[in-house]
Amino acid sequence: MLGQYLNALREQGPLIHCITNTVTMNDCANALLAVGGSPIMADDPDEVAEIAALAGGVVLNIGTLRRQNLNAFYGAGREAVRRGIPVVLDPVGAGASRLRTETARGLWKELPLAAIRCNLSELRALLGEGGGARGVDAAPEDLAASASLRERAAQIGALARRAQTMVAVTGEVDFVSDGVRTFAIRGGHPLMARVTGTGCMLTAVTGAFLAASPQQPLEAAAAAVCAMGLCGARAHRRLLEKTGREGTGSYRVLLMDELACLTGGELDGGEDIEIFERAD
Amino acid sequence: MLGQYLNALREQGPLIHCITNTVTMNDCANALLAVGGSPIMADDPDEVAEIAALAGGVVLNIGTLRRQNLNAFYGAGREAVRRGIPVVLDPVGAGASRLRTETARGLWKELPLAAIRCNLSELRALLGEGGGARGVDAAPEDLAASASLRERAAQIGALARRAQTMVAVTGEVDFVSDGVRTFAIRGGHPLMARVTGTGCMLTAVTGAFLAASPQQPLEAAAAAVCAMGLCGARAHRRLLEKTGREGTGSYRVLLMDELACLTGGELDGGEDIEIFERAD
Amino acid sequence: MLGQYLNALREQGPLIHCITNTVTMNDCANALLAVGGSPIMADDPDEVAEIAALAGGVVLNIGTLRRQNLNAFYGAGREAVRRGIPVVLDPVGAGASRLRTETARGLWKELPLAAIRCNLSELRALLGEGGGARGVDAAPEDLAASASLRERAAQIGALARRAQTMVAVTGEVDFVSDGVRTFAIRGGHPLMARVTGTGCMLTAVTGAFLAASPQQPLEAAAAAVCAMGLCGARAHRRLLEKTGREGTGSYRVLLMDELACLTGGELDGGEDIEIFERAD
């Protein structure tokens, strides 16, 4: 069902303008190339509007935020919104510092975002629900692993309605919700959390999927999340076959290989998704 | 014929001062180390002249340009020129924004460059010939694939004369020209374009070849281009042998391996070059 | 003997706040994750104190120093010192420019550092002993390879006393000294110097070991140095077994794999350490 969105992305090759953190920007660029997009990183306030205008999607990631770069975020974001180009926000570390929380909230309030891609702690911090982020990882109490899948999907759906934007919240199970429908997506592998940037890569890739299929944003974002999870799981199997151990250097390389080689048909075949409709 | 330039580079191990973009700077540093150079990245205006003075070559890459960094570009560039140290410019994305186009033009006009390394769209934008760059990739109409090799070499030669500097223009076929002689170099593999930074790496490596053989700049730059193309092709063959598919993560690793292991003799044996002299 | 410090690190998973250079920050983040730490990179002056306060260790690396970032170094460093959080300094390139030398000296003079991790040229430059650094590599005359191990350990011990802080000085043989006891640690492989960032990774990892075992700083830092050297040697053996050649791309991946897979028991079994006590 979701493979078509990968096919559309590979056919269109949208240009994705990323204003993203310096830790993982190389991985984001390579992940975009792997799934069929074309990355451009540009963050000078004097050029971001021009670059955003060329792009099919804009990705804002606050992972190594500097206050002086706020103008770049807003300049690119506003131009994209004006042109109907989807903007995806990754509020990395929201909750860990006032600067990050306020910046994430400000971007969310000012820009009609196409999606917020983050973990549950970051989303709750952005929405002003407190949350106990520890650095860039989700707080344990936010993982809510004891709740049933349906309850957790309902929680994410409610947050999406509060956010008034689509959210893609990754964790042990990933959720994508527009507030009405919520996709619960199983996949991935815990080793993904031991490679920096897998979340940032997913955010960038989500921007590319949305750029290629702007009319079906929920399905496009779910396809991005599902593709990343499937590749994470496949890369782990291949890692064990090839090396017999969990080396994170090799795992990172294999994850990129999977992203580059994944086909629409494989995505269709590898989906593990449950869809919950809002009951009330 | 060109292997000697690689040998000279490995023997001398020149220090290369890079002011380069944050997306691919790690790859540039590793590529320089792989071919035998020694990288130093430094872009504070207060130290660039001192660092450039220590270096055998200076590489300026505007890939994630910030206006506030112009002083660093000029500070390093002027000191290098004053000392006769070759300066290589990579006008990444010239044509995609006014800031990039103007910065590239300004650096080209103010600094006697040893070489400009870019794609055809970027070179034409720098020279004010318009061109339709889309992000950081060459515009299709600039690829001129229908023209004969001789015609395309003549086009590049004319651009080099207009630029009044040596140019290394990569694409389906790569060209290096000083306006009088033009080397047309076949090699590489299309998969190189699906790994971010292969162009930036070539620019950095060109700086190292020029630093080691400043008296034969055309041959030295051609050796850099030829080495990168040969390694790109060899890495692709090895990738298929090893994995049977085109994973871009593994390809990037293998490309670096090839750069590290390439010998002068292999470069001599792997050259596929035609040289065109200016007829008029 | 030192394996317990790795075990403690993997059990505690300390958050490490890095203000580090843009060339190798991705490698530093992945190295921290590999050994069991949790990285956060944050360098806006407005958030560094908050982030440092969350962390178990703070790592300051001046590799791509910008004068405007000095406030971030001091802001994070002072908050960490106030809270008793260990601060590790990597004075990358001290001696290569006045900005770097002065910045390194300033940080050393103002902040009670838990450790300085660098090469001998950088340490001597920081201490005002001149030294002839060439870029970011140690000057040949600083390597002092002709001296006996005991003499070299005594030299490092004297420098640690002058620095009034623990030093971890890497080179052909690595030394960790608090001025009273000096560990001479053999390991590593020359190929490590052909991959950018192995020094920066070690500095970051040292911060994590110190965060996990702040009561035994000398042993903890020695464990970090020993772990990195052991992994460098093991990765080289594995590289030759797997590929039969010295490709630096593959070597870098394997080095990360070794860091991720190293156990306390393997560290105990692989140590090659001599300990010198101050005689006078």
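Note that the chains are named A, B and C in the order they appear, and that numbering of residues resets to 1 at the start of each chain.
Here is the rule we use: a contact is a pair of C-beta atoms (placed from the backbone, for glycine too) under 8 Å apart; a residue touches a chain by one contact, two chains touch by 3 or more.
For clarity, every value in this text was computed on a predicted model and none was experimentally measured.
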Practice problem: On C-alpha atoms only, rotate subunit A onto subunit B and read off the angle in steps of 5 degrees. | Solution: 120
Quiz item: If you list every residue number at the subunit A and subunit C contact, are more than half found on both copies (same) or fewer than half (different)?
Solution: different
Quiz item: For subunit A and subunit C, what's the span in angstrom between their mean Cα positions?
Solution: 33
Quiz item: On subunit C, where are the residues touching two or more other chains?
Solution: 22, 26, 252-253
Quiz item: Quick one: in the complex, what on subunit B touches subunit C?
Solution: 15, 22, 25-26, 29-30, 33-34, 38-44, 46-47, 50-51, 54-55, 252-261
Quiz prompt | Residues of subunit A touching subunit C in the complex | solution = 21-24, 26-27, 63-67, 93, 96-100, 134-137, 194-197, 243, 245-250, 252-253
